[in-house]
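I have a structure I would like to understand better, so I am pasting it below and will then ask my questions one at a time.
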Amino acid sequence: MGPVSARLGQPTNRKPPFKFSAFTRVGFSDTDAQGIVYYGRYLPYFDLARVEYERHLGLLDLEIGEEEFVMRSSSVLYEAPARFDDLLEVFVRTKRIGRTSMANEYRAIRVADDVLMCTAEHVLVLVSLGERCAVPIGEAYRESVAAFEGADLELSGPAT
Amino acid sequence: MGPVSARLGQPTNRKPPFKFSAFTRVGFSDTDAQGIVYYGRYLPYFDLARVEYERHLGLLDLEIGEEEFVMRSSSVLYEAPARFDDLLEVFVRTKRIGRTSMANEYRAIRVADDVLMCTAEHVLVLVSLGERCAVPIGEAYRESVAAFEGADLELSGPAT
Amino acid sequence: MGPVSARLGQPTNRKPPFKFSAFTRVGFSDTDAQGIVYYGRYLPYFDLARVEYERHLGLLDLEIGEEEFVMRSSSVLYEAPARFDDLLEVFVRTKRIGRTSMANEYRAIRVADDVLMCTAEHVLVLVSLGERCAVPIGEAYRESVAAFEGADLELSGPAT
Amino acid sequence: MGPVSARLGQPTNRKPPFKFSAFTRVGFSDTDAQGIVYYGRYLPYFDLARVEYERHLGLLDLEIGEEEFVMRSSSVLYEAPARFDDLLEVFVRTKRIGRTSMANEYRAIRVADDVLMCTAEHVLVLVSLGERCAVPIGEAYRESVAAFEGADLELSGPAT
């Protein structure tokens, strides 16, 4: 029963253009002395949603190799504070894929009252492990994302 | 469907004397430059299992008030290293309840191969929020734990 | 000798318009399995620089009371990856003060080779602790910042 | 002036048998909703003290290679809670060196009032990077530690 209970991500149509979301709970170690979630602790929530998204699209194993995505920019807009034990639903989508980079968008809401906690956009660049210079994103990755995101995906974005 | 997918803890009889476990996945932010989970990052996994344990026993709300449990000691024994995206099952039990303190025991295994990652014991003391001095653990808390843990619970441990 | 060794922040004129910087070292727990600093772990470095900046301006105690600054937005641009034990110099400045919000700018460089690791901008809003609604930033705070930042500070920015 | 300001560790004779300590400040991200330092966040403080200790003894570079120390056990005893911006002095010593393992002891005090926050003992094992099996600690490492710790070091401890 383990794997079933542990499936935290799933397709969804509740918040278009998002098509996927994952659940996570605010742990005690995520809070700070203001009694709310420390602003930097939302980033692992976004990571978790992205991992489940990639697992669903069969992209998790594709990434392992001589190349890896590295963070180029991260922008978070905080709307309301989450607190200990809040159940959050984190929506994730690929907004744009360029030649060597992609932009991921996030939206975290509190399940209990559907209140928006924060939104975010991450730009990642695929780099070679050695010289860490930008390399083209493979067609398999690009096609899997395009098939899932459909018309909402910007394919002609400028490469970073 | 949210609440169902997000239920991470459940009773279990696979690793007695443990009677409860929770699932968690190793996030990328939990790893360090050795390529394995940073030794301090298992502590939030233990917290997560304990929170689900307390939720199952109806103790989560009981805690909120003028008193709170604070960590008195934490001992972790590391057996094997977990890695990014490993699914872990964290077993948790109350081993002993004294007058003002309790000892919780943990056991984290990797689901894929049932290999033991680490074991831990935490001693917590109930303190008043103001002066932070030890106060007796209430009967309701004690009885809920005793009913769930049964004969495996040491009730006559020395108070800290 | 403690306080002297522990003074991590100081005024500087090496990277105008920044006028203050603080030093920090990359700890092992800041790294991830890519062998570099996890992208979210730069945020505590920015916090550290800001705390030393506020200490230098006599603003640290001023904050404690019925109001507190909360994060409204955080944008980080990653230029190069820091690694374990890198000594970083984090430049910090107040870029703009509006009626209830302010924008802080950061720039982290590696001391060994003066290479830029990342830049960031945080917008914070002063809120009341109860209802968490925006309240005006006090004149004492505003004047201390204006005296230190001089002509580089935008005072007429739109309130958030 | 950078390197000087950033030197956080130094020999000391204030708390024998400790002979070395390092300073660190409690960052905001180290606190939790109890208003105190999260119990797991002392571990990076211990790491920091250990890194400065190894730097002082010329052991930091010695470690890099085909072998690395991994955590075998970590025990922390919490005496009093540290809070945001507390300046801590973390004493560190090698208590014992066996054939393939060593025990490090820590003691964190608050500088302002010399109050003990916590003590800890870590046992580390030197392992080969590939198979991760225990390998003997080199003579150079052992001799540097023995020269610094003197008679307080247990050399004949049982190998883990």
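Order of writing sets the chain letters: A, B, C and D. Residues in each chain are counted from 1.
What we mean here is this: contacts are C-beta pairs under 8 Å (C-beta built on N, C-alpha and C of every residue); 3 or more make two chains touch, one makes a residue touch a chain.
Computed from a predicted model, the values in this text were never measured in an experiment.
Visitor: Over half of the interface residue numbers used by both chain A and chain B, so same, or under half, so different?
Guide: Both copies touch with mostly the same residues.
Visitor: Which chain lies the greatest distance away from chain B when centres are computed from Cα atoms alone?
Guide: So the farthest one, by centre of C-alpha atoms, is C.
Visitor: Indicate the whole-number Å distance between the mean C-alpha point of chain A and the mean C-alpha point of chain C.
Guide: 26
Visitor: Using CA atom averages as chain centres, what separation in Å is found between chain A and chain D?
Guide: Inter-chain centre distance comes to 36 Å.
Visitor: Using the touch rule from the top of the page, what residues of chain B touch 2 or more other chains?
Guide: Residues 28-29, 36, 40, 43-44 of chain B touch two or more partner chains.
Visitor: Which part of chain B faces chain C closely enough to touch in the complex?
Guide: 28-29, 31-33, 35-36, 38, 40, 83-84
Visitor: Quick one: which bits of chain A touch chain B in the complex? Just the residue numbers, please.
Guide: Checking each residue of chain A against chain B gives 1-3, 5-8, 10, 23-25, 27-30, 43-44, 47-48, 51, 60, 85, 87, 89, 111.
Visitor: Okay, in this complex, where on chain D does chain B touch?
Guide: 34, 36, 39-41, 43-44, 68, 70-78, 81, 132
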